[in-house]
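Here come two complexes built around subunit A, the first alongside subunit B, the second alongside subunit C.
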Partner chain A sequence: MPVSLPRDRDPQFSIFSAMKTFIADRFLRLLVVVIGAAIMAFALLRLSGDPSTVLLPIFATPGERAQLRHQYGLDQPLPIQFVDYTFSILHGNFGQSWQYRQPALQVVLDRFPNTLELAGISMGVAVVIGVALGVIGAARSGGVIDSLLTTVSLVARAIPSFWLGTLFILFFSLKLRWLPTSGIGGLSHLVLPALTIAFLFIGEVAAVVRASMVEALHTDYVRAALAKGLPTRTILLRHALRNALNPVISVVAVDFGVLLGGTVIVENVFAWPGIGTLAVQSVGATDYPVLQAIVLLLALSVAVVSTAADIVYGLVDPRIRRAV
Partner chain B sequence: MEISRNTDAPNAQIPVPTVVRPETPDLRVRRRVNLVKWLGIASGTFLSIVALAGILAPLIAPWDPVYQDLTAMFVPPFWEPGGNVHHLLGTDELGRDILSRLIYGARESLLISCSAVALAAVFGTTVGLVGGYAGGSRRGFAILLDRALLAATEISLAIPGLVLAIAVVALFGPTERNLILVLAVFGWVVFARLARGLVLGLHNRAFVEAAQILGAKHRRIILRHMVPYVLPHIIVVAALQVGFMILVESALGFLGLGIQPPTPTWGNMVAEGREYLNTNPWEGVLAGLTITLTVLSLSFVADLIRTRLTRSGGTGPAAGL
Partner chain C sequence: MSRDVDAGPDIMRRSSEDSSEPISRKEAIIRVGTAVGGLTLATSPASIASASNLLIRSGKTQALTVALSSEPPSLFQNLEDEPQAYSVYDAIFEYLVKPDALHPNAGPQPQLAVSWRPISAAAWEFKLRSGVKFHNGEAWDAEAAKTNFEVLFSIKPPSPFVSRIAQFDHAEVKDTYTLIIHTKGRWATAPIGLSEIQMAAPAYLKRVGAQTFAQHPVGTGPFKFAQWVKGQAITLQRNPNYWGGRPNLDQLVFRGIPDPETRFAALQSGEIQILTDLNVNDVPAANRAGFRVAHARVGQSILISPYIVDAQKAHHPIGDPRVRLAMNLAINRPLIIKAILNGFAFGLGGQATGPDAFGWNPYIKEYPYNPGRAKALLAEAGHKNGVDLGTFWIGVPGQFLKQREFAEVLVQQFAAAGMRVHLRFVEYATFLKMALQEHNLYYMHQSGWQYYPAMDASFALQWYATPNFPIIHTGLGDPHYDKVFAASQATFDQKRRLSLLRQCQRIIHDKPGPITLWQHVQIFGMNKSVTGFTPTPDERIHFLHIGRK
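Right, the complex of A and B next:
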C-alpha cells in the first residue's frame, strides 16, 4: 500500500466532506439495521404458524379459518405479504392489539414514556455514582477503596437484577417500610427500580472512568498543573476528569440495548407500567401485534441511539471519522 | 457487551511524593496474581460441584424435586430455628425440598446456557473468521462479504436480546430447544466481533504471510493459522458468556417465560419465592444466591484463564487480552 498522509492532513481535503461521508455512511447503516429488524420480525411472525389457531376458537370450521387467513392477507405469496407488511408499518399501522382493541402502536407508545423515564433516570444515577466512584478509585489507586470498588463492581455484574430488586423490596419496603413496593407515582416509587437498574451499570461506568482517569493523570497537562501547585481537587475534577469522560458517552451508547433489556426485567419486579410489563402481559394474552410493535420500536430506538452516538463521537473526535 | 476489558492500566500508580521502595509494586502485582489464582481455584471448585450436582441430579438429590409434602410447608433451612436435617435448605410453599430443586435447577440452567454458548461460539467465531479474513484481503467480493456479515451483526445488536427472547418464547413456546436457540441467536454477535477484530489484525503478521506465500489455501490458513490464535480469546469470553446466559435464562424463568413449572429452574424459584417474601423469603433468597455465586465464579475462572494465557506467552496469542 502506498504511504499517504491521513486524509485530513491533506490540504486538498475538506473536513466537511469527510463529515458528510461519515454521516451518510451511518445513516445507510441505520437503514440497513431497521430493514433487517423488520424482516426478522416478519419472519418470526410467519414462522410461528397459523394465527387462526390462536385467533379462532378450536371449533371453528375450515371455511372460517380460510376467511380469516384471507382477511389478514395470509393466502398471498410471501413476497407480496412482506411488501404489504412494510407498507403498513411505514404508515404506522401495526395492526389491532387483540387484548386492548386499539391500534398496537398506540398501546405501545402510551407505555413507552414510562420506560424511557425509568431507563433514563437509572442511567443518570449510574453515571453520577459510577463517575464519583471511578474518580475516587483512580485518585487512590491500589488502595483499600480501590480494591473494594473492583470487587463490588464484579459482584454487581453477577447479581441477577430481578433478585436484587426483590431483595430491595424485602429490605427497604417490607422490613424498613421506607419506600413503596411497586407501581408508579411520585419520586419514592422511582427510587428502588432506578437503583436496581443503575446497579447493572455503576460498576462498568466506574471501571471505565477509573481506567481513563489513571491514564489522564499521567499526562503532561496534569503534571503541569501539579507543578503550578494547583490543589488536588482542581486537578482531578477540572483537568483530568474532563478528558476522562469521553469513554462514558460510549458506554452509555453501547449499553443502551442492555439498559432497555434490564428495564424490561426490572419493570416486572416493581410492576412499573412500561413496555416490559406490557410485553410479558402480551405474551400471556398472545397479543402478537403488540409484541411485534415492541420489538420493532426497541430495535429502532437502539439503532437511532447508536447512530447518534457515532455521529457525536465523529464530531468530537477526528480520529474516528478518519476510520470510515 | 460482556467482553471484559482489563481495567488495570499498565502503570496504575499515580506518582506519589514519598519515596517508594522498589519492591512495592512488584509485591502488589504478585499479591494480585495470587488473589486471582486462589479466587479462580475456589470458583472452579464451586463450579465443578454445581456442574456435577446438575449432571448427577437424579443420583444425589435427596428428594424428588416435585414431590409435595403439604404437612411440611415452609420448613426453614437447618441452621434456623425450626429447621431440620431432612430438608437441609428447607422447603417451599408446597413442601418441596429446596436443595433438591436447586440441584435440578442447576441441570436446566447449565444445560441451556452451555449449549447456547457452544452454539453461539461456533457460529459466531466462524462468521467472524470468515468476515475478518475476507475483509482483510483487498478484493471487491471479499470486502462485500465482510460488509454483509457486519450488517448482520449490527442488526442482531440492535434488537434487545431479552425482548427477542420474549417474542420467540411467546410464538414458539418455552421449550429447552427454543430457549437454547434464541439465546444462541442473542449471543453469537460477541464471538463474531471478537474473532473478526482479531483476524483483521493478523493479515500483516509474518506467519500468515508466510503461509500465503507458500501457497496455502484459504481454508488451511484459517483453520491452521488463525483458529489457534483466536481460540484462547474465545474460551475466556465463552466462560463469561455462560454466566451471562445463566442470568438471561433465569430472568426469563423469573418472568414466567422460561422452562415452565413444576420443573424447577433457578429463575422460576426466585419468582415463586417472591410470592412469600414477607413471611418465608428463603426459597427466593437461596435461589438468587445460587445464581449470583455461579455467575461470579464463572467470571473469576475466566480471569484465571486470562492471566494464565497472558503469562505463558508474553507476546503469545493471548497477550493483551
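Right, the complex of A and C next:
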C-alpha cells in the first residue's frame, strides 16, 4: 500500500506553487475587506446626514441647500451615488476636504507617513522590549522575577495612554529636560510618543512570548539540547525563542490595527501631526471626505499588514500553508 | 548638571550649540537610546524649532513662538473662518477698515482705506491708502480691492464671509485710490461688515487660485509668510516695508498643540513663549511658576436660545415668554461665575451682548436670581407643579470654558425652580440635522453669538429679528423688534443707531428672548520676556507692538 507523504514532503511538490495558492487566497480576502470597508465608508457618509447642514450657514435657504446637494451629487438615487463613489475612489478621488478645500486623499496622505513612522517605531520598541521581558519571564518561570514582570506587563497594559503621555512629558521634558514636550522634527520628538504607545503593547507581547517560551521549554527538542549540554543562553535564544516567535507575528498583525487607532489619543497629547490628530480635527469640523479617506486607508493598512503577516506565517510554518 | 528649573538657560545654550553641529544618524540613535535608558542627561537636542528660535534670539534677532490649540487648515481667512488662526491671518493680512476692538464706540479705524462715506442710499466711497505694497511687490490700489471682492464671490463652495456681506452688490474703481462699493439697498453698517474681508495680492491670487494661495499667502500686513511645514510650524518674517511702522519681532512661529496640558508644558519648557487657551485649572500653577497670565473678555455672548422650526406648529413651554423669564430668574449667575468658572466670565447684564459692544444698554439690569418668582411665573403660565422642558442641547464640551460643568449646574438650578431639563451634549452639525428634519418643535440650544471684531451689538441682535424664510430660526416673531432692528441697520446716523440698538436690547430683555448667561473669556499664558502684549476681545494676538526683552 503506497504511503502518502505530506504535500510539502512530496518530491513533486513545490513550495512556490503552494505559496502562490496561499498568497492568492490571502489577496482575495484582502480584496473583500477593502470592498467591505469602502461600502461601510459610503454608508457612514450617507448616514451622517446632509452635508449642507455643515457647509452652509444655519439659516441658509432650502434653495441654497438643494444647490449644494446637487453640486455633491447627493440628489441622485443611492445606487447611482454608489457607482459614482466607487468610480471616484478607484481613481483616487475622495472628493474635496470641506475643511482644507484640497483633495481629501492628499490631506490624509500628507499626514499618513507620520502615523506610520510613529506606529512602526512604537511597535518595534514594543516587540524588542516585550520579547526580552517574555524570555526573561519564561527563563525564570514561577520565580520572583517572573511574577514581577507579569505584574509590570499587566500594569503597562492598564495605564491609559493619555495619562502616561502626560506623565512622560512632566518627567522627561519638564523635570529632566531631556526631550521636547511635543511636535515633530527629529528623533528626539519621537521618543516620548513612541514609548507611550509601545507601553500599551509591551505587556501583551511579553505575555505571548512568555507563554510560548514556557511551552517550548517543555518540548523534547529543548530537553535534547539540554542533554547535549548546550549553554542555557543558546537553548533559550536559538532553540526555544525561534519557535516561540510565531505567535508574535500574529500579535503584531492584530495589534497594528489597534495601534493605528490608538495613536489618535497619543498624537493629540504630543501634537504629533498624524492621521489621529487629523481624524479628531475632521470629526470636529465634520469633514466627511477626509474621514472617509482615513477609514479606507486604515482599513487597507490593517488588511495589508494582516495579509503580510499571514504570508510570513505561511512561509515559516508549513501547517498554515497546508490549511489552504 | 542641574535638574531644577534653573536649567532653562543652560539648555538654551546647549541647544544652540547642538543645532549648529550636524549629528550622524548613528549618534542620534545612541543619544536617544541613552536618553530613554536614563544613562545620560541632556545629550538629546531640544526641539529643532525652539533651538533655531533660541539661536536667532542669541544672535540679536527677536523671535517668538506661539502655541495655538490647533494648526489652521489654511492661511487665508476669506477661504476658511477658523478662529484659532485669526492671529496668523492678522499678522499677514489687512482689511479696508479695522474695528478698534478696545474702543467699540470709536467706530472702525482706517487700515487699507483712509476714509469712507456713503455717497448714496446704495453706495459707499472708500479712499484707499497710497504707497502700500503687498509682500510680493504688487501695488495696493482700487483695482486690487475690486479683484479681491471678485475672487471672494467666485470661491466654491462659497466663502463663509459671503453671507456676512450679503448686501454687497459690486465694487467699482473710480480712480487709482478710490473704490466705490455698490450695495443692495441701504447698508449703514457696510464699513464694519467689510472689516472681515482680507485683502490679498490680486495678481498672484488670480494666478494660483484661492486654494493654493491659502498655502502660501501674500498680504500687506506687518509679517510676511516664510514657511509652513505642515504639522510642525508656520513661520512668518518681519515685513521690513510695512507702512504702519517696524514690527519689534523679526520672526514669528506658530505651532498647533491641541492638548492644553501639553501646551502649558511647552511653555514651561521654554519651547514656546505664548500660549492661547490656558486651562483655567492651570492658572494658579502658571502664576506660581512666574509666567504672566492675561485674559481677554471675548466679544461673544453665551446664551440659551430657543430655536424655532415652523413657529405656527410649534407647541413647547419655552414658547411662552413667562417660562423664558422664569428660566432667566432661576439662574444664579454670580455663583456659577465664581464657583465654576473661577471668575473667568463676565455678566451680560441681561442682554444679547456684553457691555463692550456698541449698542449695549447701560439702563438694563441683570436678571436677579429669584427661584421663588420663577416658580410663581410658571404657575401663572399653567405649570403649577413644574414643567418638563425637554432636552437642553449643548455643544460638545470644549467650545467654552468648563462647558460640561456649568451646563450641569444650570440643569440643577432649573430643577430647583421647577423646570425639568434633560441635558444632551451634541455636535452642532448633529443638532442642526435633527432640527432640520423635525418641523414642529422648539429647540433649546446653547449659542455663542460672536460680535467681534466689529464689537457691534447688531451682530448678535440680528438673530432675534424675524427671518424672511421659514426654516429654523431664533427670531422673536415680534414686529416691533423687527422694525426697530431694521431701522438700526438702515440709518447712517451713529447716535440714532446706538439708540435703536439699545431699544432692541430692551425688547430682548423684557420679552424676554433668550436665556442670557455670560461673556466668554480667553486666557493666555506667556513668558515674562514677552513685552507689548494687550489682550483684546477679538480672539486675536496683535503682534505689531509685541517684542521680547
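Heads up, the rule we're going with is that the second predicted complex is superposed on the first by the 300 of 324 C-alpha atoms of A that agree within 3 Å, B and C clash if a C-alpha of one lies under 4 Å from a C-alpha of the other, contacts with A are read in each partner's own complex, and residues count from 1 in each chain.
One rule holds for everything that comes next: contacts are C-beta pairs under 8 Å (C-beta built on N, C-alpha and C of every residue); 3 or more make two chains touch, one makes a residue touch a chain.
All values derive from a computational prediction rather than experimental measurement.
**Q** Consider subunit A as the common anchor and indicate whether subunit B and subunit C clash or fit when overlaid.
**A** They clash.
**Q** Tell me which partner A:Gly36 touches in the superposition: subunit B (first), subunit C (second), both or neither.
**A** So A:Gly36 only meets subunit B here.
**Q** Answer with first, second, both or neither: which of subunit B and subunit C does A:Asn268 touch in the superposed model?
**A** It touches subunit B and subunit C both.
**Q** Now for A:Leu174: first (subunit B), second (subunit C), both, or neither, which partner does it touch?
**A** So A:Leu174 meets both subunit B and subunit C here.
**Q** Mind working out whether A:Pro247 is in touch with subunit B, subunit C, both or neither, as first, second, both or neither?
**A** A:Pro247: touches no partner chain.
**Q** Quick check for you: in the superposed arrangement, does A:Ser306 touch first (subunit B), second (subunit C), both or neither?
**A** After superposing on A, A:Ser306 lies in contact with subunit B but is clear of subunit C.
**Q** Counting only touches as set out at the top, which of subunit B and subunit C does A:Ile184 meet: first, second, both, neither?
**A** A:Ile184: touches subunit C, not subunit B.
**Q** In the superposed arrangement, what residues of subunit A touch both subunit B and subunit C?
**A** Looking at subunit A, the two contact sets intersect at 166, 169-170, 174, 268, 280, 286.
**Q** Can you tell me which positions in subunit B touch subunit A when the two form their complex?
**A** Residues in contact with subunit A: 1, 5, 7-9, 11-14, 28, 151-152, 154-155, 157-164, 166-172, 243, 247, 250-251, 254-257, 267, 270-271, 273-274, 277-278, 281, 284-285, 287-288, 291-293, 295-296, 299.
**Q** Of all residues in subunit C, which touch subunit A in the complex?
**A** Answer in residue numbers: 3, 7-8, 11, 28-29, 31-32, 35-36, 41-50, 70-71, 73-74, 79-80, 156-158, 160, 163, 210-211, 214, 230-233, 255-259, 261-262, 265-266, 268-269, 271, 396, 427, 429-430, 432-433, 436, 467, 469, 471-473.
**Q** Flag every residue of subunit A that touches subunit B in the complex, lowest number first.
**A** 29, 32-34, 36-37, 40-41, 44-45, 47-48, 138-139, 141-142, 150, 154-155, 157-164, 166-167, 169-170, 174, 207-208, 210-211, 214-215, 217-218, 254-255, 257-258, 260-261, 264-265, 268, 279-280, 282-283, 286, 288, 291-292, 294-295, 298-299, 302-303, 306
**Q** Which stretch or stretches of subunit A touch subunit C in the complex?
**A** 49-50, 53-62, 68, 71, 97-102, 110-111, 114, 166, 169-170, 172-191, 195, 268-274, 277, 280-281, 284-286
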